[in-house]
Amino acid sequence: MDIKKDTFIACDTPFQNADIVILGAGFDSTTTYRPGARFAPSAIRKESYSIETYSPYQDKDLEDIKVCDAGDLDLPISDTKRVLEVIEDGISEILKANKLPILLGGEHLVTLGSIRAILQKYNDVIIVHFDAHADLRDDYLSDKLSHSTVIRRCYEQLVSREVHQFGIRSGDRQEFEFAKKSTKMQKFNFDGIEKIKDKKVYLTVDMDVLDPSEFPGTGTPEAGGVKFLELLKATKTVFENNEIVGVDIVELNPMVDNSGISTSLACKYLREVLLYI
Amino acid sequence: MDIKKDTFIACDTPFQNADIVILGAGFDSTTTYRPGARFAPSAIRKESYSIETYSPYQDKDLEDIKVCDAGDLDLPISDTKRVLEVIEDGISEILKANKLPILLGGEHLVTLGSIRAILQKYNDVIIVHFDAHADLRDDYLSDKLSHSTVIRRCYEQLVSREVHQFGIRSGDRQEFEFAKKSTKMQKFNFDGIEKIKDKKVYLTVDMDVLDPSEFPGTGTPEAGGVKFLELLKATKTVFENNEIVGVDIVELNPMVDNSGISTSLACKYLREVLLYI
Amino acid sequence: MDIKKDTFIACDTPFQNADIVILGAGFDSTTTYRPGARFAPSAIRKESYSIETYSPYQDKDLEDIKVCDAGDLDLPISDTKRVLEVIEDGISEILKANKLPILLGGEHLVTLGSIRAILQKYNDVIIVHFDAHADLRDDYLSDKLSHSTVIRRCYEQLVSREVHQFGIRSGDRQEFEFAKKSTKMQKFNFDGIEKIKDKKVYLTVDMDVLDPSEFPGTGTPEAGGVKFLELLKATKTVFENNEIVGVDIVELNPMVDNSGISTSLACKYLREVLLYI
Amino acid sequence: MDIKKDTFIACDTPFQNADIVILGAGFDSTTTYRPGARFAPSAIRKESYSIETYSPYQDKDLEDIKVCDAGDLDLPISDTKRVLEVIEDGISEILKANKLPILLGGEHLVTLGSIRAILQKYNDVIIVHFDAHADLRDDYLSDKLSHSTVIRRCYEQLVSREVHQFGIRSGDRQEFEFAKKSTKMQKFNFDGIEKIKDKKVYLTVDMDVLDPSEFPGTGTPEAGGVKFLELLKATKTVFENNEIVGVDIVELNPMVDNSGISTSLACKYLREVLLYI
Amino acid sequence: MDIKKDTFIACDTPFQNADIVILGAGFDSTTTYRPGARFAPSAIRKESYSIETYSPYQDKDLEDIKVCDAGDLDLPISDTKRVLEVIEDGISEILKANKLPILLGGEHLVTLGSIRAILQKYNDVIIVHFDAHADLRDDYLSDKLSHSTVIRRCYEQLVSREVHQFGIRSGDRQEFEFAKKSTKMQKFNFDGIEKIKDKKVYLTVDMDVLDPSEFPGTGTPEAGGVKFLELLKATKTVFENNEIVGVDIVELNPMVDNSGISTSLACKYLREVLLYI
Amino acid sequence: MDIKKDTFIACDTPFQNADIVILGAGFDSTTTYRPGARFAPSAIRKESYSIETYSPYQDKDLEDIKVCDAGDLDLPISDTKRVLEVIEDGISEILKANKLPILLGGEHLVTLGSIRAILQKYNDVIIVHFDAHADLRDDYLSDKLSHSTVIRRCYEQLVSREVHQFGIRSGDRQEFEFAKKSTKMQKFNFDGIEKIKDKKVYLTVDMDVLDPSEFPGTGTPEAGGVKFLELLKATKTVFENNEIVGVDIVELNPMVDNSGISTSLACKYLREVLLYI
């Protein structure tokens, strides 16, 4: 019997032979508004059969690279600390095998598990962060571990203390004040991204950096966002000018993606990311 | 200016004058499948203006009784233990004022906060539990506090050790074995409910006890459920034969109630419950 | 070119040759809750191609009878009085041609226009009314012409002063008191319908008489309704025992019929009604 | 008990202490196509908890200003004339207390009630009108009071006879001819808005001026609209150059806002408007 | 890494060790009304994690039996004849390995591929057919291979010429006349199903046999159907009295299952079928 | 009785008097991902009553031109070859009457039927093709007749061998290589469209050339598309510089157009196309 594959399209290289490993983390327990990001990795896989493996933007094809879609981590979703450990362990296993990890959230907090694993291998890593929200709260509803605090938590762990934020257009006053002192934040757009050069970069992409017109399927859409082609260009710039050591793509929420265009866009973005590497 | 009210229909008696107090607890963080029950109390309030205050079933009218809809508790939703404390405190405040509390979930775990408050006042209370699911796990994904363990946790705290379960049609084998030893479980329907008499009863109603055809708007619908008129009759029987000391109505999930009929039914059920008292 | 027809399935007999005429009245301006019934007639036509012309219930076929689907009246929807006149004129034109009119709403108020035309021809007509709601208010928000007052208005115009109501399960106290004095109301079900005999009957069917599980696509769904097979049987009983002089089918709201099952059921009900005649 | 507030986020200043008063008017009875705008004010309030009180565009915070969200007017929705009177009375009450009124529709006709109240206090007011539609018909289906005639009606009442229209891209030929003679209409965009200076301005914003990609949740979406950031800039220009005496925001229709991005955008726009004042 | 499984819940026995094999056939090209059944097998798998492996109806558990969910066939969906061959080959492979096949459609035509494979092994097989539609047309729009002709085609191939149909409530007159001569058809319900005894049975279940209130998620819903508990009981009767040689479950359409209750019910039905065997 | 018309707005000129004829072809059987385009022509007609007949872009009105909306072809949808013949015959009938045909799909394959008819009359025609997808496969899943091969098939039949493609951003590598040799393809946008001059042009518009933010309602949305105003301008350029001999508009899928903005945009685009002619 000829059976259909369940991986992201054309990403069926066995783990040991792969250069890149995709790993899903369907977690959204700290989401305060519209939950559902937990369903994103499986939605992306299923939807990926609607796109082509070939990119006319790059004239490259997923068939020509070696990617393993390892599936979704089995997460104890009601225990946030343990979830982060499971993610950290999963990413560590990929890094130890000398493969590049691409983590699919889930909500943004999953980044913290990933960055902990990254820091064990690359202590000079910096973070490039695309998002509508600053995610720099110290705590949220007295919780230190939240999608709203995740970049603050990552920042605290970074040896480099270097976080570049782009596209930010929402947060409370304290977050923007913290950013002025501690991170390098570019509000609203990607201006200046070409200045980041020759670094080891972990790229975390909250898909809500995009305008809700192009990406309605996310829990807290914020009008006034960047466009898909701008996101592609910014991503390409970071990849060309730096060494990428890890990537995550978070906050797609299929439960509110009635039209399906957000899931479809996420597939296309993931294809382009895989081909940039 | 004549401004529209935001309470459940006709439940605008001030707290101090009321005999019954409705309190919302929009919490769903331990939900493992389709989250969204957090939006139930506000959806019920808004939808209540589509029903009448008069019940042709009972020939009574909400206008003739004194109910205060106190609104929704402000919950620290990412800290489950604290959430339960806030609920406990809210219900205690109602009980101390000698009013009957009606708690609107949220997911089923909210019942635990409520029952803790009830036990401080009535140590001989028993629980009557309508649900599709047994909710008798000892832990769920290693978590002791979950919508799947809530009746087990309540049972452990009851002095009476008396829990009557009705309509149950889903659970793992261990839960049904636990029920055989420890609770009184009637699978699939309400048979035998008239035997519960002259007790102090706390009634917890997981709306998914209803068949999904009548109540699709819940996170884990289970085919083969009871009908609305059966639920009304069972509720009436419990109310007529016993002293009711508290009620909760949980697990409406407006995010998956596309047709709106579940929210509408919940309003009607709440009206009937208020008029039975 | 072989072009698809736009009528209700198999109802393409020219007006002059038809025995029965279907007429649409897409009006819903007095709807107080979820508007959208205005789209019902066109939705029913379009959906009708998913059903068969043959009825296994009656062993009859729409191909064997002569029905003209005349389309939808062009209504001045912001002028309620004028809308009722246009409906009255349309139905009168059908009656004058000695054909049986079947009016598709629209909200329930359209019945008033129809009954006015009927009364000009049959002054001894009685009304049989299937509905979840009593529709017996004297006024609604100080408006005399409303979906909530329509049966009261019809009652006032009837020479026979004979209105039989079935399935009623919602209304305010005054409506039920009015019913006790003035109409013959059977709450909740169709009990006693076989006693209506040898009358000239105008049948008005508010589809929300059905349980919302079977018919979610209506503006104000009321749990605890009758079943489709009960509705068929009650309709058959009325048709067999009396002379039918007009029928209307109202309150399908396609805007809230996400699953499409309500529109589909309405098509099937209309087919059975056409074949009962 | 700590109860959640029901106002627009951070707009809970008591009426007497407020500088600005938000008032809802959930009316949509003259809507000819997809009704549902009646649910907009409550949808905006509920959704507002997904946005922040701080604006990174203006570096200001709602916490620092005094706004009272007074709730929704209780409207006799089936009597259009009376509805307009109730709106007029509500706005008058706000103006007499020397506060700035912000009216949330509802359909566009609500503007007429508001402008009547405004004219009693400011007889030299001019209107700035953002919309996809000209709304300049003399009557619509023989109705003088309609969402399609509202700007014509307002124009007739203005002492200044000065109406500036922007973004218009739909209407019949007569409306565009009327505009050439009587109003100052800028088709498609906001060009020239900086020329309006030193006036007393009433700003009426039909949200369908936005492109349907950014704002799908409206009854009659019109492709080819302006962008959110253009709307913000135009609004800011009007506020900086003139004295604002009243604002309304109309035609959000939550019933067709499946993705929720329109309601979310409306919240953000209202926040920016409040902070511009 | 501990990765989540992609099979139907607890059906992860390797092919060689399994007693039962589930195979998906996501085909719906001949669907004339609402297409989408092609997505059913993957939707059922994903949704299965919302149900339990334990059945309180049978006191049995999926963990105790050996089932292999082999995934979905890779089908050339635009070539109907070839699709049927691929299905036939897949089922044959299962039968040759002496395992019981369970085919998940897809539209009803997939049954024809399955029955061809079955007939190669069991020439005395009879068919038991649960459906709302007769599916006995000789051709449909001049096409011999269609969801509307599938039982006629199967009948023609059966050596036994024995087809028992239950629940049928839709078809054209010719189909019902054909049934009178050639098949044993029970309209509307399951009456008489206990008379089928000691046969080799292939069971084909079109889920639209269920009432649309319980199962809205199908392309052509037909009001007046059977209930879930009736379907369970009928299925149990057939399994107890006969030797089952193959089963298929078809016509779930996830694209129109907005509420999700149909997919959920299909999971539960599949669990019960697996445990009946 | 004054009955509403069922044609596209203001396109009710009788066939013999018309200059332009609109014809619907609701076919989508070769769709490999999300089917539903078969419902597009009727959805466009129904939605057209939400737009105006007057175009402020061109200062022209549909009332001033003579268009016949002939309705939808009755297609044998399960027989692809026959479907193409029926379309060819329909278009031929229009051409023989010396009227300009505008075909509404359906999926893109319908273009092949149309181009065959066109070639019988105009053997020097060239094709201008707006699309997100190249549609240049030689076969798709071994099928020569598919929405993915349609432009290849058309190319093969063209005497001129001249196909200009614009907006293309998806396809496999072979398609892009074929384009380099055989067609004139402009990736991503409309650059260079003004160079097509003085030709007999058949224009085929796959609406998914638009960005999914503006046109989500299509089976395989592709991020990074063109804007509505760009599409209008490109269309105008082609019409001004060439002789148009036929147009088709395809791939609207109302089943996934939850917000309705795609259907609405398609109406507006069709109006502009009619007025450009």
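Read from first to last, the chains carry the letters A, B, C, D, E and F; within each, the first residue is number 1.
By definition in this document, contacts are C-beta pairs under 8 Å (C-beta built on N, C-alpha and C of every residue); 3 or more make two chains touch, one makes a residue touch a chain.
Fair warning: this is a prediction, and the values are worked out from it, not measured in the lab.
Engineer: Between A-D and A-B, name the chain pair that shares the greater number of C-beta pairs in contact.
Structural biologist: So, comparing the two chain pairs, more contacts are at A-D.
Engineer: CA centre of chain B versus CA centre of chain D: separation in Å?
Structural biologist: 41
Engineer: Quick one: which residues in chain D touch 2 or more of the other chains?
Structural biologist: 34, 211, 213-214, 258-259
Engineer: What are the touching chain pairs in this one?
Structural biologist: A-B, A-D, A-E, A-F, B-C, B-D, B-E, C-D, C-E, C-F, D-F, E-F
Engineer: For chain F, which residues are in contact with chain A within the complex?
Structural biologist: Going through chain F, the ones touching chain A are 33-34, 168-173, 176, 187-188, 211-214, 216-217, 220-224, 256-259.
Engineer: Within their complex, state which residues of chain A touch chain B.
Structural biologist: 28-32, 34-36, 76-80, 82, 140-143, 145-146, 255
Engineer: What does chain E use to touch chain A in their complex?
Structural biologist: 1-4, 6, 23, 42, 46, 70-74, 86, 89-90, 93
Engineer: Any idea which chain C residues touch chain E in the complex?
Structural biologist: My answer: residues 49-54, 56-57, 59, 61, 211, 213-214, 228-229, 232, 258-261, 264-265, 268-269.
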